[in-house]
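One structure, pasted below without further comment.
Should a chain be cited, it is by its letter among A, B, C, D and E, assigned in written order, with residues numbered from 1 in that chain.
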Amino acid sequence: MSGTMKKRSAKAGLPPGSLVYVGEERTQRTRVSVIDFDEQHVDEREIERIEDCVAFKESASVSWIDVDETREPGTVAMFGKVLAFHPLMQEDILATDQRAKLEDHGEYVYVVLKMLSWDEKADCMENEQLSLVLGRNYVITFQERAGDFFDPLRRRIREGLGPARRQRADYLAYSILDLVVDHYFLVLEKLGERIERVEDRVMTHPRQELLREIHDLKREMLFVRKSVWPVKEVIASLRHLDSRLISRATSPYLRDLQDHIEQVLEGVETYQNLLSDMLAAYLSTLSNRTNTVMRVLAVFSAVFMPLTFVTGIFGMNFKHMPVLELEWGFPVTLAAMVAIGGLMVAFFLRRRWL
Amino acid sequence: MSGTMKKRSAKAGLPPGSLVYVGEERTQRTRVSVIDFDEQHVDEREIERIEDCVAFKESASVSWIDVDETREPGTVAMFGKVLAFHPLMQEDILATDQRAKLEDHGEYVYVVLKMLSWDEKADCMENEQLSLVLGRNYVITFQERAGDFFDPLRRRIREGLGPARRQRADYLAYSILDLVVDHYFLVLEKLGERIERVEDRVMTHPRQELLREIHDLKREMLFVRKSVWPVKEVIASLRHLDSRLISRATSPYLRDLQDHIEQVLEGVETYQNLLSDMLAAYLSTLSNRTNTVMRVLAVFSAVFMPLTFVTGIFGMNFKHMPVLELEWGFPVTLAAMVAIGGLMVAFFLRRRWL
Amino acid sequence: MSGTMKKRSAKAGLPPGSLVYVGEERTQRTRVSVIDFDEQHVDEREIERIEDCVAFKESASVSWIDVDETREPGTVAMFGKVLAFHPLMQEDILATDQRAKLEDHGEYVYVVLKMLSWDEKADCMENEQLSLVLGRNYVITFQERAGDFFDPLRRRIREGLGPARRQRADYLAYSILDLVVDHYFLVLEKLGERIERVEDRVMTHPRQELLREIHDLKREMLFVRKSVWPVKEVIASLRHLDSRLISRATSPYLRDLQDHIEQVLEGVETYQNLLSDMLAAYLSTLSNRTNTVMRVLAVFSAVFMPLTFVTGIFGMNFKHMPVLELEWGFPVTLAAMVAIGGLMVAFFLRRRWL
Amino acid sequence: MSGTMKKRSAKAGLPPGSLVYVGEERTQRTRVSVIDFDEQHVDEREIERIEDCVAFKESASVSWIDVDETREPGTVAMFGKVLAFHPLMQEDILATDQRAKLEDHGEYVYVVLKMLSWDEKADCMENEQLSLVLGRNYVITFQERAGDFFDPLRRRIREGLGPARRQRADYLAYSILDLVVDHYFLVLEKLGERIERVEDRVMTHPRQELLREIHDLKREMLFVRKSVWPVKEVIASLRHLDSRLISRATSPYLRDLQDHIEQVLEGVETYQNLLSDMLAAYLSTLSNRTNTVMRVLAVFSAVFMPLTFVTGIFGMNFKHMPVLELEWGFPVTLAAMVAIGGLMVAFFLRRRWL
Amino acid sequence: MSGTMKKRSAKAGLPPGSLVYVGEERTQRTRVSVIDFDEQHVDEREIERIEDCVAFKESASVSWIDVDETREPGTVAMFGKVLAFHPLMQEDILATDQRAKLEDHGEYVYVVLKMLSWDEKADCMENEQLSLVLGRNYVITFQERAGDFFDPLRRRIREGLGPARRQRADYLAYSILDLVVDHYFLVLEKLGERIERVEDRVMTHPRQELLREIHDLKREMLFVRKSVWPVKEVIASLRHLDSRLISRATSPYLRDLQDHIEQVLEGVETYQNLLSDMLAAYLSTLSNRTNTVMRVLAVFSAVFMPLTFVTGIFGMNFKHMPVLELEWGFPVTLAAMVAIGGLMVAFFLRRRWL
């Protein structure tokens, strides 16, 4: 379940900078694909030898090197060697329980954050870690899993839609982050739909299962919040990098991204409030119901206890009970019991217990 | 219902700056009206061709271009082209789930905020997004819907009431914002009236429907707060713009506006406290009632269970039950039962259960 | 009731600076009284023509112009004209739902805050708005209502008690604020007494009325807090005015005033905690009581249900029930029932339910 | 009881700087004792005439003038006159409901804080106000009550233990504050012991008295927190006084004191958490118990109601009830009733209600 | 139990800097072991005479002096004398209830923090205080207890694994802190496992013991948080020491450590949320159960009370009850009773009480 911690204990006692993959084991192979483009040309290919990256990295055109299924320490170490990454950064790429952060290494910046997406089949939230290295002419991304997350952006570059092809690496990095943030909205909407479905049932069918579902949704929201919150700071840091890596033209786009993050967080907060209110509503609906049940119980007891007592009296076997001999004893007693019952009911109606 | 998020998912994967209308579909046409005035003259008209705006924008007199029913990307893009707006700003005008913010574009500032109003017919709160562009001699406003929101201001300009005609565009922008903030007060009052109506019933008739109504009111208040809170910052940013766009004479008016926002927020907080207290009062009234019902139940059980047991004893069919033969058996038993019942009642009265 | 908002809707749509009285309608006339004094002389009088104020304002001696029952826009406008007040300030004097604030207008400062007092007759808190204008040689105060609030200070000036006569206008302003803050203490004490009276009854007689009273007290405390909180900032701003209006000698007095405000706020917080605890105590006392009632109910049911069942068995009319023929059937049955009842009671005593 | 406010209303309307003793009335006389020391000599005595203090204050050796049972305005005014204290400071010494604060008067600093101690006899917390004036060569302390609080320090000075005799007045002031802070720890420990005693009983014997005791402890903790919290700031201010009054050697000691205050506050927070948890545990233990009682009640009702109904059927007096004639009617009915009862119990056992 | 305060009262009244061991009494002897290393050699030994440390401290190679079972004031005082430590620092080493902090003494820095570890045998969290003194060429650590906590690091140094041997004392200090922080993760994981075990049982078997366990876990988490929180600040202070003691190359490692602390704190927060939710879930499961029980009770009462009343009527012994004579009286009555019971059950089924 999302929201709980990944196992890190395997790393205790190892020297710092040790490359250990923290996450679920999977069987797919690491895949490295490159898009190299400028306004005139696009070159898209998969590469086998990591050393081939160097050429792209140093070309004047913008290169986007995307590494999928990142979990082999060897591959990451190779990248680190070829592209001269700091050892701690290599460690962070593999430790997939990182908090979103930005590290400025001068020549390049390292950004790590959580990508959230919605698995339509399982109808649940997915998350994976995205590591992004932004240099002067290149962007390198490390994803935990292979997927079609970045396909719309690749298509836009390939087909030259939008301003992507005309811009530099900083705009490419922005476009990637923008896509990530768009998915935050999407996941939030999906969760919002589930919340609204639950909400409808809270007042009408307050059952135990709802309680569990509300708690699950609360935890999912907490996880979204925990993932998105530090991204705000990351984008802010990115904006405030001096002009080395981020051009003046890209800055307004990053500010826009910040506004979007703000909106996501506001949405999360709204839903968190909603969930808390739903929980309160659920509990007070239960209270209400208990109350109603109690009243019915009280009314039945109050009406029938005295009546049963009366029948008990006339059911006693005393030899000398002159009333029992009276001809109108039975109907009068019956009438009296109806009267007692009626008075009790009237009393409860007046006190609004019925 | 207000307070939940609008659908943004349609935008996921599109290039940044894509113009997509985020909001409900409506059928009315976009309408552009212009008021151009200085101390001597007023010129009020509707314009058909967006290019005609340029003339007003560049005239020395103050021009207010008001665009209603803004939802056609084409129209906004045309405005953007004609008046040279930043593409992200064009996107923001259409995305009507913006958080209130101010963007300083040098030649002009862009302000976006939520207008709240009270729909008297439906007796509920309405909200729409207002985009305001303030330049040296012009103000352009984009509203989501056509309406009579700004009519009092238009009349004041037309008839030369108050200082509006004597002032420049900054004062016009202030007047517009002042009108928006006045409506915040109005909406708050209306909600306050509903809260007070609910409050009266909480203690006297604590029914399930009230619970739902309190929750609804809480959510409305949350929405008001969410809408108004960032406006505070917007006004502060407006005040701290250097003298380019905001004159020294207008600054105190903006400070006054800030005080008003502060008052609105304080009012919201007061009502939020009131609603929380009402919820607590509702729940403890329920508890109280359950308690009362329990006591009645306990008293009936405690009084009649022993008595019915006694009648049960004398209702047994043993052959050898000498007591049954006694002449005074029945009245003595009856008297004993009255005594037992009386003692129980006395006991409960002493323990304040009745 | 204090704590809810005053009606402001009448102002929506009017031009800014419109003078509209926001508050209850009353019938008394506005009254203007002046004390003009220096170390040697005191001159105390009521004035009819507002223009007469100018002379006092400009005299070298300290003048205190006190305006009671301020609610006629005409009077305030006249003051504004005669003494050259900013239009927004005139508006604030009349709008009696202001948050405490200080406005520095260079020649003079404008301070607005809430005066709290205790109406001994109605045994409830009163509040009114005090507007104070501090210039070089004069202090002008605008009160909502006529009253004896400032009488002790007037007497001290008249009789030359304390340092008031020897000091300048800044000290006079301080003395007025000090009196206002002293009344905050007084109101807090009165509320504290009511809280303590309620507290005594919470544990002994937890009735529904207490709940309402606790909620009322909470709201009163909230109102005190809301009124006093911004005053802290006002005094701080006053202290940090440069030496133009506040002399060095008066500064320690203002710091002392800040300490007092701090103490009032701490007292409010203490009482708020107390009230929350009382509410919790009230609710858990109720729970406790429900619990006790439940136990009694359970014990009665558990003791008498089996016994009544036994009497039922021997009350059946079967032809062939040999036990009924036994000579010792009845006493043995009775003994058995006593034993069953005794065992049940013993069991409950052991589990501490009795 | 600690935690509530002292009466200040007597001061309302008096001129600022009026000396009024705020606190309980007592009958003991004010006592002034002096210790004057340097590394070679100690001179300890009680003085009668306040004017005699001046000599000590001005001597080159360190003097500690301790004033007990400070409550006579005359004495304080005399001190004020003899030692040239600011009138507001004189007022603060007498007003024993001060919030801890430091006032820098140039020649001397004035520190006021709450001394907490544990009254072993009454087994409860005591508090009194300590005013401390630190000058170049002297320390003057004003205590509310006479007591043995400072005896350990006096003995250390008298006997020359520790570095006290070798140091100057700033170290003496530190030693006094250190003693006060040590007592904070002591009081916290004593309260902690009481909390642990209560905690043991919460789960085993959740009675109403515990509730009151938890609430009392919460309030005591609040009072400790309220007393200690501002002391943090006082010590910080003391450290940041320039070298006039605090020597470089004393500064690390003050930092250490700050750490201690931090630890006290952390301890308070821990206990506050503990108390909140205890309250929650108490309430849920109650809930649990109610739950258990309910289940027993439900089981008895569910088992005996059907059985009693069966006996009722066969107890009816219809003429034509062939079943009653059957020879095996009674034993079969008995067996059926045992079966019904057994089934009910089995059902409840399976649902874990028993 | 962890989380409560240690006894400090023994120190009240002693002069500041008094060396008193605050903690549990143990019987093992203090042990001092030294590792002295540079890239070429390692020298590991235990030393008997504390004076021997001076040689290591002053050698050019990096020395790590580790003192176990620190609780004898004499030993610490000896270290203080030999190595010229500030008296207050000596006091802090022995007072094992310190809040994590860093003190900069110029020549060396003193760091104190809590080491958390998991006692596998007792399956509970252990904590002890670690004091670390970082000088130019040496690190001195004082541990409360002997243990194998630092063995992995010692082995790495001994065997020359990782960069430890090539670096200076600052990197050694970092490695020690890294090991401490790794153990924070480990402890958090272990607590997380216990939390998940409890969570599974909350919804299925909500018993009183769980409540106690949740409260215990909450307190453990609070203790972890309290221990780790100030470490954040310690690492930050360490990073911002100028280049005297921390080299530029070590700085990124410390930043990485800060990220780890951040992650631990986030994990703690997640678990705290989880525990709060579990408590809420536990309580509402209880409520639910009470509700179910109530409904069963109400249904049994409502079904059988009227029926028993009917049997009571026909069980009365009136002489004149013509119905009793009817031939079909009994079967009709039985049928009527079945009908009444059926109607009641149908009614409850419709209202979803069954």
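Criterion: contacts are C-beta pairs under 8 Å (C-beta built on N, C-alpha and C of every residue); 3 or more make two chains touch, one makes a residue touch a chain.
None of these values were measured; they are calculated from a predicted model.
Counting only chains that touch, the fewest steps needed to get from subunit B to subunit E is 2. Using the contact threshold fixed earlier, the set of chains in contact with both subunit B and subunit C is empty. Distance between subunit A and subunit E, defined via averaged C-alpha coordinates, is recorded as 27 Å.
Distance from the subunit A centre to the subunit C centre is 43 Å, each centre being the mean of its Cα atoms. Contact of a single residue of subunit C with at least two other chains is seen at positions 287, 290, 294, 297, 301, 305, 308, 312, 315-317, 321. Because contacts link each chain to exactly two others and close back on themselves, their graph is best described as a ring.
Starting at subunit C and stepping first to subunit D, the touching chains follow one another round the ring as C, D, E, A, B. On subunit E, the positions that touch subunit D within their shared complex are 3-5, 7-9, 11-18, 86, 88, 91-92, 97-99, 101, 103, 205, 208, 211-212, 215, 218-219, 222, 226, 279, 282-283, 286-287, 289-290, 293-294, 296-297, 300-301, 304-305, 307-308, 310-312, 314-317, 321, 324-330, 333-334, 337. Interface residues of subunit D facing subunit E in the complex, by the touch rule stated above, are 152-153, 156, 161-164, 174-175, 178-179, 182-183, 185-186, 188-189, 192, 196, 203, 252-253, 255-256, 259, 262-263, 266-267, 270, 273-274, 277, 280-281, 284-285, 287-288, 290-291, 294-295, 297-298, 301-302, 305-306, 308-309, 312-313, 315-321, 352-353.
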